[in-house]
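In the two assemblies presented below, chain A is common to both, partnered first by chain B and then by chain C.
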Partner chain A sequence: MRARNFTGCLFTLPRIISFLLFWLFPLLYSLLLGFTDYRLMRPSFQWVGFDNFIALLSDRAFLISLKNTFIFVLGTIPVTTVTALFLALLIEKKFPGRTIFRSGYFMPSITAMVVIALVFANLYSRGGYIYLLAEMLGLAPPENGFLLDNRTALISIMAMDVWMSVGYYMLIFLAGLKSIPRELYEAAEVAGAGAWCKFRSITLPLLKPVALFIIVINTIKSFQVFVEVFVMTKGKYDTSTAVYFIYESGLNRFEFGYASAAAYILFLIIAIFSLVQFRLFRRRAIW
Partner chain B sequence: MKNVICFTVTALAAVLLSCSSGDRRSGVVTLDWWQFWTDPSVKPTIEQIVADFEAQNPGINISITDLTWANGHEKIVMAFASGTAPDIVELGSDWIPELSSAGKLADLTGDAAGDSADFSAWTPGTYDNQIYAFPWILGTRVLYINTVLMTRAGYDEDFVPFNWPQLKELCYKIDSLGKDMYGFGANAAEKHRLYKKFLPFLWSNGGSIMSRDGSFSTIASDKSYAALKFYKELCDSTGMVDTQRRLEDAFLEGKVGVIISGDWLLKRIRNEQHDIPFITALIPGPKFPGKSFVGGEYLAVSRQSKYKSAAIKFIRFLTSRDNQLLFCKANYTATPSSKTAAKDPFFAKDPQLQTFVKQLNLSKMPKVDQHWVYIEDVLETTLENVLYQGAPVAESLYEAKLEIEKIVSGQ
Partner chain C sequence: MVRAGRYLLLVFILAVMVFPLLWMFRVSLLPAAGTLSFTDFISSGYTVATYYDIFTSGNMLRYFINSAVVGAAVTAGNILFCFMVGYAFSRYRFIGKNFWFFSIIFVLMIPAHIIIIPLYLLVHHLGLYDTYGALILPFLVNPIGIFLVKQYIDTLPTAVEEAARMDGAGELRILFRVVMPLCRPALAVLAIQVFLTNWNSFLFPFILTSSESVRTLPVGLALYQGHQAIDWPHLMAGSSLAVIPVLVIFLFFQRHIVSGITAGAIKQ
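Right, the complex of A and B next:
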């Protein structure tokens, strides 16, 4: 028995070692750095207690990046979730060419974010197709393009993010829809329930666990928005987000202590949001 | 089983020993060189220069590692901080103080003494009166003017705006030619780019960012105010606001009359065979031709390098007159750091390149400062606020001064 345990341990050892070395250690080390004034090119660093955290809470650039992150999260998640559910309900019905639609909606999720961001940067620019479409519709797009204007830059990135991620969540909703027993719908039909009644009383309650999963992972992903901002605006035109701020502090100015503190503030915010979401959904969820 | 283990260990040891001691036994030194020239039209020239060096110096091998401008700075700083820096590294002119002030670069003062007369632009490579990097290839910016649009606006084909009023009038007249026509290509709030377009106007008007001793900021002056006000008016009234790349695209499509750009645009026009009719001209000042921004690529040796003398030998070879010329011809670059190379007929017979050579003599670099990364941030935010968010000029400059002084005083 002991020999078998030993063999099992040996097999799991590579994963355990990589977890300890490349996950746990950096995680704890960065927490430690958050309490120091560590800068990469300085020979030594000092323990500064909560100074970094206090400084961050009065750092205008950090607060703006947090504000933008909240706008991003609160703006994209409801739209993405509702659109994904709507598409899943449409796609679930059998109709000719259903697979093409399903693949089409999912395609952006498997395309590299950098490529999508570059394509959209062109579409949003003056003379780009989205810009021209807005002009044709008489919407008076910003003179220098959507990404070079404080009023439209962030919302344009948000719209792209919704377009990109909706297909992935649609598939998850679709899997959830498939797992709902058909008998429930049949029973409801026998009782004279209409389509809306079936959706409200059967589909929605039974999709709650799936919706919770989608909202939680989308929240975490949205709080970490970075690549889009990095590629499309470099944080200019009021689009800097929390992770972009951390990148700038850590990898442009090499203020690792300050950047680590900012990362842990973001970690706390995400943790609180996720807990609140779990609580809210757990009340009436059917698992 | 025992035999198998013994054999494996012996074989591994033999392989490792042969790897580690081969160079030393044969007396061959391998130098690591990190560089940025990855363009397929230039890389063969770099490889040719390296091959020539190795042929002339049989005891030295050069191992080239390519970097990109997108993340090269991060990689270099990380490597120096973790003690894995290459022997020789190519650096952007504004990165040197960060490394030299932290004691990461080898002091080349004694080695550069013999070369100093033939090179221009030593300042960025110098920190605390010691030289830490050799200037290699410099880069300045000039005006590009679309001559068809200029003549349509009522000017002679050989007209060149010498001062701000002439530049403004030219841009205004081109801008009035039609709906989708713009007078001046104004840079959007693009990181590392916007301030380089404004500094020529600031310097040309006698303004500056820092005091001579670097202890306080001089940006909130009447000269800076006038320069920023003029630049804003130019952008507001006649400007197409976009990223540098898209401004250049628009210039090549004949939609913008005047833009500021470097010699990379000359190369692009040549390589992509654009038939755009244009001239290059010196950046105008308030009354006479003014100053431009000059940056450059420098070569430095890591302080940890065990082969400093071999590294310096390679740097001397790379920056020699002949090799700078070879490189400039291949890259269609107009601004070698070697003064004797700049006098070559290759530059004199090409009027566009000649503009760059002349502008180089009228160019400036930001003051060497270990806090430059932060000062640049303040400068760019100020410009973004004034140019594109309607912030008042005088107040914004004063706020920038306070911010910069906070940075310099370490608060």
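Right, the complex of A and C next:
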């Protein structure tokens, strides 16, 4: 037993080293940095207390990036979740060609974000396909294309994000649907329930844990939106997001202390959001 | 009637989902820079000269090779380490086991953005900045992978291992000769998931390197724009290079990909 105890520790070692070196240390290091004025070309740095946090809360660029992040999160998650559920219901039952549809819907989810952002940059640009489509529908798209306009840039990125991620969440919903016992539906049919009634009182309540899972992981992910913004607009045209701000101040202006403080503020926001979501669902406040 | 309408809807959605990728391939085959419109989507002419160009000049091939090397190394590392750690969590009792297992859940709940700055600094201090090491070492073992392997080994009977132990086999021998072959399905799911994630990843390769010689394909593509007025055929040909391996893997291992996604989700 003693020998196995030792072996167990030994086998876990890669994980322990990786966790301590590449997770716990950076996590604590950046918390520490957040309270200093550390930046590049400054060999020694000073403890500045909460100065960074106070400065951030009146930094216009940071507040705008937070505003955009909130718009992104609150705008995409409901649409993504509902669309994903709709797609899952649409292809739940077996029918000829079902696999093709499922694969096709899922394909954007395994394509590199950079590639998708580049393709959509083309489609959204003046003369691009989406641009022409909007023109055809008489929507009068912005003169320089969707991404070079303050009013449409962020929402265009959001639309792309929904398009890209619905397939992934559809798969998770499908797995959830599969785990609902058939007998429940049969019993409901015997009792004379219609399709809508079955959906309301069997499917939806039993999907709640899956929906919670989807919403929580999507929230954590969406609060960190960065790649799309970097590739498509470089944070211009009112699209800067929190992580973009952290990247800019930390790795472009090399204000490590300031950027770390910003990262912790975002972390706090994400933590609060996740907790609130758990509570809401526990109390059955939603459906 | 309802059925026909349903198929129509399905096909329409399929077109919306697949079109951008088709568009990417189409633009990559255009003879010269320029934008297409509805009318000449089919008829604008086709050439593979752009692909030839990409393979013979510029850095795109370099990026592709970098991505492949890094992807292979990270995948191999994850198969080995996630397997070892997952096995230990499933079968052994040792000091601090619960703490280390909790650390896995902990990492899953922490958003990765928070370690951008400190990881950048750490990699600098370790002298790894702008090397393959920076792209590989921090990613050799991942919590979801450990979880996946542990869950799988939990379902295996211990009888085979006990028998091997009776015969005097050492722990390492049991690990690699007895258990590993049994875990092949789980490890296949793990390998595909890790490779795809790594192949597509942008943020960390972007912040941990600066020179073109170690740049991965997504980073190379994202920074390609800056050079001159956007050369769409070249950019889309490069993008196709990033997408084609993924499509091939998807075609052959779709089942593994799907089960990898749902395995993680349904447990919660």
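Keep this in mind: the second predicted complex is superposed on the first by the 283 of 287 C-alpha atoms of A that agree within 3 Å, B and C clash if a C-alpha of one lies under 4 Å from a C-alpha of the other, contacts with A are read in each partner's own complex, and residues count from 1 in each chain.
Methods note: contacts are C-beta pairs under 8 Å (C-beta built on N, C-alpha and C of every residue); 3 or more make two chains touch, one makes a residue touch a chain.
Keep in mind that this is a model prediction, so the values were computed, not measured.
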Greater chain A contact set [chain C / chain B]: C
Contacts of A:A187 with chain B and chain C, given as first, second, both or neither: neither
Contacts of A:L280 with chain B and chain C, given as first, second, both or neither: neither
Which superposed partner A:R253 touches (first chain B, second chain C, both, neither): first
Chain B versus chain C as contact partner of A:K236, first or second or both or neither: first
Which of chain B and chain C A:R42 touches, first, second, both or neither: first
Chain B versus chain C as contact partner of A:L57, first or second or both or neither: neither
Contacts of A:L204 with chain B and chain C, given as first, second, both or neither: neither
Touching partner for A:I272 - first (chain B), second (chain C), both, neither: neither
Doubly contacted residues of chain A, that is, touched by chain B and again by chain C: 125, 251
Chain A - residues contacting chain C, complex: 1, 3-9, 11-12, 14-16, 18-19, 21-27, 29-30, 33, 87, 90-91, 100-101, 103-108, 110-120, 122-123, 125, 127-129, 132, 163, 167-168, 171-172, 174-176, 179, 209-210, 213-214, 220, 223-224, 226-227, 230-231, 242-243, 246-247, 250-251, 256, 259-260, 263-264, 266-267, 270, 274
In the complex with chain A, residue positions of chain C that touch it: 6, 9-10, 13-14, 16-21, 23-24, 27, 35-38, 81, 84-85, 87-89, 91-97, 100, 103-104, 107, 109-122, 137-138, 140-141, 146, 171, 175, 196, 199-200, 202-203, 206-207, 217-219, 221-222, 225, 232, 235-236, 239, 242-243, 246-247, 250, 254, 257-258, 261-262, 265-266, 268
List of chain B residues in touch with chain A within their complex: 73-74, 77-78, 80-81, 98-99, 102-104, 188-191, 240-243, 246, 373-374, 384, 388-389
In the complex with chain B, residue positions of chain A that touch it: 40-43, 125-126, 143-145, 148, 150, 234-237, 251-254
